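Next come two complexes, and both contain chain A; in the first it sits with chain B, in the second with chain C.
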Partner chain A sequence: MNFDWSVIWTHRSALLEGAALTVGLTVLTMLLAVPGGIVLALMRLSSNKLARSASLAFVEFFRNLPLILVIYWAFYVMPMAFNVQFSPITTALVALVLNVSAYNAETFRAGINSIRKGQMEAALAIGMSRRQAMFKVVIPQAARRILPVIASTWVSLFKDTSLVSVIAVGELAYTAMQIRAQTFRVLEMLTAMAALYWLMGYPQAKLVDWIHRKYGVKE
Partner chain B sequence: MEFDFSPIADNWRFFAGGLGVTVALSIISAVTSILAGLFIALLRLYGPGWLRPVLVFYIDSMRAIPVLVVLVWIYFAVPLITGMSFPPFWAALLALTLHIAAYAAEVIRAGIESIRPGQTRAALALGMSRAQLLRKVLLPQATIRMLPAFGSILTIAIKDTAIATVIAVPELMHRAETVAGQSYRPVEVFTAVMLAYFCILFPVTRLVDRLYQRVAHMGRS
Partner chain C sequence: MNATASPPARKNAGQPPVLVYENVRKLYGDFVALKDVSLQVQKGEVMCLIGPSGSGKSTLLRCTNALETIDGGRVLLDGVPLPARESEVRKVRQRMGMVFQSFELFPHKSALDNVAMGPVTVLGMSQADARARARTLLDKVGLGDKAQNFPANLSGGQQQRVAIARALAMEPEVMLFDEPTSALDPETVGEVLNVMQKLAHEGMTMIVVTHEMSFARRVADWVVVFESGAIIEQGPPAQIFDAPTVTRTRDFLGHLGWNG
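Moving on, here comes the complex of A and B:
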């Protein structure tokens, strides 16, 4: 058996572009899914019954589906529902944001609920409005507890972006598998793909451990 | 816009078979992952010192690499090195176990470490061997605390089996792709399959939530 590892070097620019898109997708999804999660969490905690049940239904639905299925579904349903063709990247972004927003909503809700009731009551007692009490007292405290969980979600999201390769978004997994199909260098390309994910993911996993040690809630 | 759900009705046996594969693959891989995770956790806690960095490296690597990458690597690359190839189902089982066992190992290690050291000292003072200590004192208490986490591992396994479609394991997701392609009714097919997945996963996550509430106060020493 002979392996030709030079194929990785010849395709380095394509692989690096794929890796860049993987990182870009992760960043963009998180930028959209954090506000999305906050909105869903506030809806869930609001006194409006309709908002509460809408948020609950959304969160439970998307938390209980395999992401790869949501990606396929968005790919076929979005063009039909809106009568416009979306680019694969837009579709991928929508699917990822739907999924991660649902997880973030639970994280934010749990974080806000973990702040003792007395804090809210005290803020109201000194004359703050509910909105002020929420944004000036509760959320800043909850943020510290939420950070480690968001960091874990970040790493999961980074890995999950590989799934959008099924709708031909040219990120790292898709690029590597395309080169594999063109060059027939299966072992070399798949190993390069795994190594690149490892190189990017390993420091992130370690960073998350550090954040958990520094900020994690200790009983 | 017209919907035609007849491809689902016409192929219900095909889908039911896929559902069976999904359920079988996810339950088997959850069980093998928990067993492998237990083995890894015990080796990490009580095994020889040189083994610890190796296991930590394995666990952290699995946290860094997507399950998709592990799946295609096991299925396409391993046969090239070893000269022996697995059928898709077994390749998926191997890859999922390899991936999820790392999480299970962390859960089990945390579960064992959460038992107060006083329990260990008391057991050793009574003259128990290390094996007895584990079997009679630590694992029974830790298992109760870990039950909800084992449930989460099952939900992860169910969701991850859908990714096994990329190596053509004939589970529900893969059969949905097949029927969607043949019938030109992807919207109806994927929507129906989405509901099917939700119906499997939702009861499991509810059960996990209930377990967390039930078990939260138990075994707290």
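Moving on, here comes the complex of A and C:
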């Protein structure tokens, strides 16, 4: 066999740009999907039946579809159905946010429900509104409790961003595949891609472990 | 004067009552938790609600500040029925402090901020003013040196005293205590009861659901005995504990080992 590892060095800037976009997509998705998850969770817990049903439908729809299908759907169907045309990156972001918001909604709902009813009552008893009690008392406690779960979602998301390569978003997976197609260096590029994902993913996984130890529920 | 024939005098009997319960009914599905309970609380009175578990005394307390909605009758504060609208209920709750069996301090806030939170969030007081008030109140309950501690680093008795300070921070007219010492280790019960007794001496109107009979005997102005969602007897502690007129009151106190 005859390997040419220099192909990685030659294309280093493209690979690093791809890696940067992978990180950027992950960060941006989470920045949107955390508030998205909170809104969906609050809708789910509200006394308004319409809000409850809408949130339930959203969550159960996007949680139970393969992410890759949502990505294709956002790319091919959304422009036709809603007459909107986004760039591939925006389309990817939409698909990822829909998916991760649905997961986060369930995480937040479980977190909010795990806070004793007495905490809400204590807040109401001193005269707070339900909204104040929720945002000042319940959610801060729930957030701490679900941080480990959100961190795990983060790591999954980081890897799942590779799926948006199917709609030609130039993140790490797409970039590596492009270089492979041009150079026919399959093994080298797949190895480089694996190394880059692993080198970025491992510290994150360690960080998640640390968060689990520090913030995990110990009761 | 015909003192022996007249009913026992209530504290501040000449003034209108602070709280009036009129035929209050509470249902949980088919279960009738309160069977048309009527009761009055006078200003500055310490009223102890006693009776077996599940007899409705905590439910009545929770109906007082609308943590539970009632299914019949009325609760009046200073002659005004409890409102139905959330925004108005909040105003009423601000006038009543509540202390829970399980403390329910906010675990993500220091003792000081637990106490300051009500004035800041609800009254819009500045952080500095609210903390100054909180410090005064923590001193009052004997925890001035624990202001920076988080609830997890306080004993049960200390947590409950912080909870009392938190309720007092809203400067309520009435304090509601829902079995405030039932979750405490025996050695810390006394420190909480002492704070409550101090409040009573200052003239705070207090409704106390309790199983601490000696506290009720010593501190209460009026004792109400519940059974199966109804009041079976009420009167001054001397009557209830020394000469109950109802057999079931005697039975209940006898079960607790109370012998006058």
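A few points about this structure:
Methods note: the second predicted complex is superposed on the first by the 217 of 219 C-alpha atoms of A that agree within 3 Å, B and C clash if a C-alpha of one lies under 4 Å from a C-alpha of the other, contacts with A are read in each partner's own complex, and residues count from 1 in each chain.
We take it that a residue touches a chain if its C-beta (ideal position, glycine included) is under 8 Å from a C-beta of that chain, and two chains touch if they have at least 3 such contacts.
These numbers were taken from a predicted model, which means no experiment stands behind them.
Legend: residue contacts after superposition of the two complexes on their common chain; A:24 is shown touching neither chain B nor chain C. Of the two partner chains placed around the shared chain by superposition, chain B is the only one that A:80 touches, whereas chain C remains out of contact. More residues of chain A lie in touch with B than with the remaining chain of the pair chain B and chain C. Of the two partner chains, neither chain B nor chain C is touched by A:35. Residue overlap on chain A between the chain B contacts of one complex and the chain C contacts of the other is empty. Of all the residues in chain C, the ones that touch chain A in their complex are 65, 67, 86-87, 90-91, 93-94, 96-98, 100, 102, 104-108, 117-118, 121-122, 163, 166-167, 169-170. Contact residues on chain B toward chain A in their complex (touch as defined above): 1, 60-61, 63-70, 72-73, 76-77, 80-81, 155, 158-163, 165-166, 173, 176-177, 180, 186-187, 190-191, 193-194, 197-198, 201-202, 205.
Residues 116, 118-119, 121-130, 132, 136-137, 140-141, 144 of chain A are the ones touching chain C in the complex.
Residue ranges of chain A in contact with chain B, taken from their complex: 1, 60-61, 63-70, 72-73, 76-77, 80, 155, 159-160, 162-163, 165-166, 173, 177, 180, 186-187, 190-191, 193-194, 197-198, 200-202, 204-206.
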